[in-house]
Amino acid sequence: MIDKVVQNVDEAVRDIPDNVTIMFGGFVSAGSPTSLILALQRKGVRGITGIANNIGLGDRLDALCEKHQLKKMIASFAIRASGGRQSLFEQQFRAGEVELEVVPQGTLAERIRAAGAGIGGFYTPTGVGTPVEDGKERRTIDGRDYLFEQPLPADYALIKAWRADRMGNLIYRGGSRNFNVPMATAAGFVIAEVDEIVETGDLDPEHVVTPGIYVDRVVVGAHEQIRWFA
Amino acid sequence: MIDKVVQNVDEAVRDIPDNVTIMFGGFVSAGSPTSLILALQRKGVRGITGIANNIGLGDRLDALCEKHQLKKMIASFAIRASGGRQSLFEQQFRAGEVELEVVPQGTLAERIRAAGAGIGGFYTPTGVGTPVEDGKERRTIDGRDYLFEQPLPADYALIKAWRADRMGNLIYRGGSRNFNVPMATAAGFVIAEVDEIVETGDLDPEHVVTPGIYVDRVVVGAHEQIRWFA
Amino acid sequence: MPIQGLTRDLIALRIARDLHDGMTVNLGLGLPTLVANFIGSDVQVIFQAENGILGYGGVLEEDFDQDFINAGGQPVSINPGASFFGSDASFAMIRGGHVDVSVLGGLQVSAKGDLANWLVPERGGGSIGGAMDLAVGARRLIVAMEHVTRTGEPRILRRCTYPLTAQRCVDLIVTDLAVIEVDENGLLLRETAPGVSAAEIQALTEAPLRLVPNLRPMSL
Amino acid sequence: MPIQGLTRDLIALRIARDLHDGMTVNLGLGLPTLVANFIGSDVQVIFQAENGILGYGGVLEEDFDQDFINAGGQPVSINPGASFFGSDASFAMIRGGHVDVSVLGGLQVSAKGDLANWLVPERGGGSIGGAMDLAVGARRLIVAMEHVTRTGEPRILRRCTYPLTAQRCVDLIVTDLAVIEVDENGLLLRETAPGVSAAEIQALTEAPLRLVPNLRPMSL
């Protein structure tokens, strides 16, 4: 029987080497793989290129900045608009200690989906006439301008769901699907942190959101409270 | 309160004019909007450009050929590989009475999704070096060849789900999602045939597959048995 | 005496008047979030949060559940008829034109309806979030902002000096002083804040304003 | 005496031997469908049907439910751990390389591994279905077909004469006479049907075959 369950988050990330690209699911407090991130911190993986919707909004990704484990972030939201308290990431970015590539959120999601879906690239109207256009092909299709965007894959994806079965089928709660859903399809190796594991067959096939074939390892995480103090 | 329910399938299709493009959900027997198709036949809408995965495989789309209501079909599967019994569509196609554009199934699904997702076009590896490439741009991306494919929208989509609420939220059964899911997003006006309508709030938000904002009209259809005698 | 404009709540209230029964609406961070508080009980608006929720309700003060949040990270209730989906599906919905109205904050708007709202060059960095996709994807874009900067400089300009969020995307600007429509010929002053004259508004607006014949105070 | 090749069932059985525990497999229409009947009870293969089912089981003879069908329209049972999805997600899965093995029928295969399986030019029309996407998307493509046409013409050719399904996509050809691997140098004869010689197979194959040193009869 297919069984992808591992015993703890440290075992789940045991073989992630330095200098890889890692996707992190989650949107602020919802669906962030916090226990896996903290395991990555404990393991001390370095030279990470991270892909996530956000960093430093209460999420624990900021913890990877404590010992400079991040080389670069690709994100849609990393610097607060208001001039308030700066995250560790923002401080290091402003000090030139970490790189940041800012990608529109919809383009980020679609590039990740494209990587998982075997699409070689696509045209989006998002970003035309903005700094996002720099270095990209612009094409007029049926009288409207679009930018060419390329797929964005990763070596690993760390994602968070609510429940998994032993085959890795996942279901979520509320707004926690967000980037977890496309990221599950777009990385070479996918590790899912969940609140609960059930036996294969206990999830209704009609309700499965991420099919198990996308998931390589499943682990129960500690429930970490996150709140964005905006 | 938002209420998209209409009383019968004839009322549901009452204002579909001649010479429009109509998507039809379904895959052989699963999720075909049979009652709506038969209502379209009764209404006698003519000059239809149809978009569907298949025609003439036991589905009732073939009924639209009886009085030559179809001008053209865009489909992935319309002519049987074996030389057996021909559908009405196949007879008319071979007699030059109806046009056929054959599209690879995955490209058809992705073009429909692109139309619903505001994507101006995309590159797929499917069809390179085949007759599907005719007239299309080929592009090499990261050493692999792709074809440029454009979005495929429609004026109407007739789809089939299992249950709807009054806001048009839809859930499906088994393999009946197929083309119904992307088509719901890609047409100017979407009519959903269902087996059962429930009150808004009776569907668990975690289980909704097609959000109600994509659906304009909901109607209970007669349960028509379809079986493909391959 | 400085001109007395609308409060943030009143700007939100004025925008809420433009949201009608059955509309799908996305509210951006900050001021736009307040719009949800002013929807009449007889009007059923479906709020979309780009993190993957369609049909959320009010912001919750307690019982915080971190999986049920709007795009600003605030805990929200879920209305009957709601649904959840991933970010790829959410932005397919936004970019595909299935959101009727997007309300975004603004730093600058140009006479052509260009919007700049994600980067103050002096601060650097900048966060795009979902704003660029919402600006190009929503059928109608309403920008909610203060009419001038904290130092009194106009925000409604002939051309934006800040990096753009999107070109020619704004349909309506609602500020503490005015309601301004963007059409193919430029900016049209439709409504004024109570007690504020068209001349006073033009003086605080770099881009030229045309006046509608029936110019009137905002109905609040 | 005509050469006695494998039955369709035995071709399917030979292909089933190549499917291992935990693999995700898509079976095309016709002969490939039969492969599901020969998976050992100790091997857990996940069958994907491109109409949007992952994890279907056997073909059902009765209790026909038209919503639960494989891509050939046959009613199927659903295994524990299954899931359902739309055609866009299904082909994202296929094109994205998440299906380990695709088994397709064939009309012609070339020495370079080109496949033609959707159009007999003399008949016209033709139906592509999911074949083109499966041929480019699956990590490994096995073609199941009769070694020669009904009139005895080779199907394994230097170049395909029929319109292609995809270029350089075939990894393994299993016919009633032989198991042939496609590598960068062409075709490699790995196994022969019981009682059939390599010379007999070459005589019925237009493309040149190299022989593996340990050429052996198929183990069935």
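In this document, chain identifiers A, B, C and D correspond to the written order of the chains, with residue numbering beginning at 1 in each.
What we mean here is this: a residue touches a chain if its C-beta (ideal position, glycine included) is under 8 Å from a C-beta of that chain, and two chains touch if they have at least 3 such contacts.
Everything numeric in this text was worked out from a predicted model, so none of it was measured.
J.: Of all the other chains, whose mean CA position lies farthest from chain C?
T.: D
J.: Have a look at B-D versus B-C and report the one with more C-beta pairs in contact.
T.: Between B-C and B-D, the larger count of C-beta pairs in contact belongs to B-D.
J.: Cα centroid separation between chain A and chain B, in whole Å?
T.: Taking the mean C-alpha position of each chain, the two centres sit 33 Å apart.
J.: How many angstrom lie between the centres of chain B and chain C, each centre taken as the mean Cα position?
T.: 36
J.: Please tell me the distance, in whole Å, between the geometric centres of chain B and chain D computed from their C-alpha atoms.
T.: From the centre of chain B to the centre of chain D is 28 Å.
J.: What is the distance in Å between the mean C-alpha positions of chain C and chain D?
T.: Roughly 55 Å separates the two chain centres.
J.: Residues of chain A touching 2+ other chains?
T.: 110, 113, 117-119, 124-125, 172-174, 205-206
J.: Spell out, as numbers or ranges, the residues of chain C touching 2 or more other chains.
T.: 78, 84-85, 91-92, 94-95, 136-137, in rising order.
J.: Identify every two-chain combination in which the chains touch.
T.: Pairs satisfying the touch definition: A-B, A-C, A-D, B-C, B-D.
J.: Can you list the chain C residues touching chain B in their complex?
T.: 21-22, 24, 44, 46, 54-55, 78, 80-85, 91-98, 136-137
J.: Residue numbers of chain C touching chain A in their complex, please.
T.: Within the complex, chain C contacts chain A at residues 29-30, 49-53, 64-69, 71-74, 78, 84-92, 94-95, 114, 118-119, 123-133, 136-137, 163-167.
J.: Could you please specify the touching residues of chain A with respect to chain D in the complex?
T.: It comes out as residues 1-2, 113, 115-119, 165-167, 169, 185, 200-201, 203, 205-206, 208, 211-214.
J.: Inside the complex, what are the residues of chain A that reach chain B?
T.: Interface residues on the chain A side: 110, 114, 117-125, 139, 141-142, 144, 146, 150, 171-174, 205-207.
J.: Under the definition above, what is the set of chain A residues touching chain C in their complex?
T.: Of all residues in chain A, those touching chain C are 27-31, 53, 57-58, 76-81, 83, 90, 93-94, 100, 102-110, 112-113, 124-132, 162, 172-182, 209, 225-228, 230.
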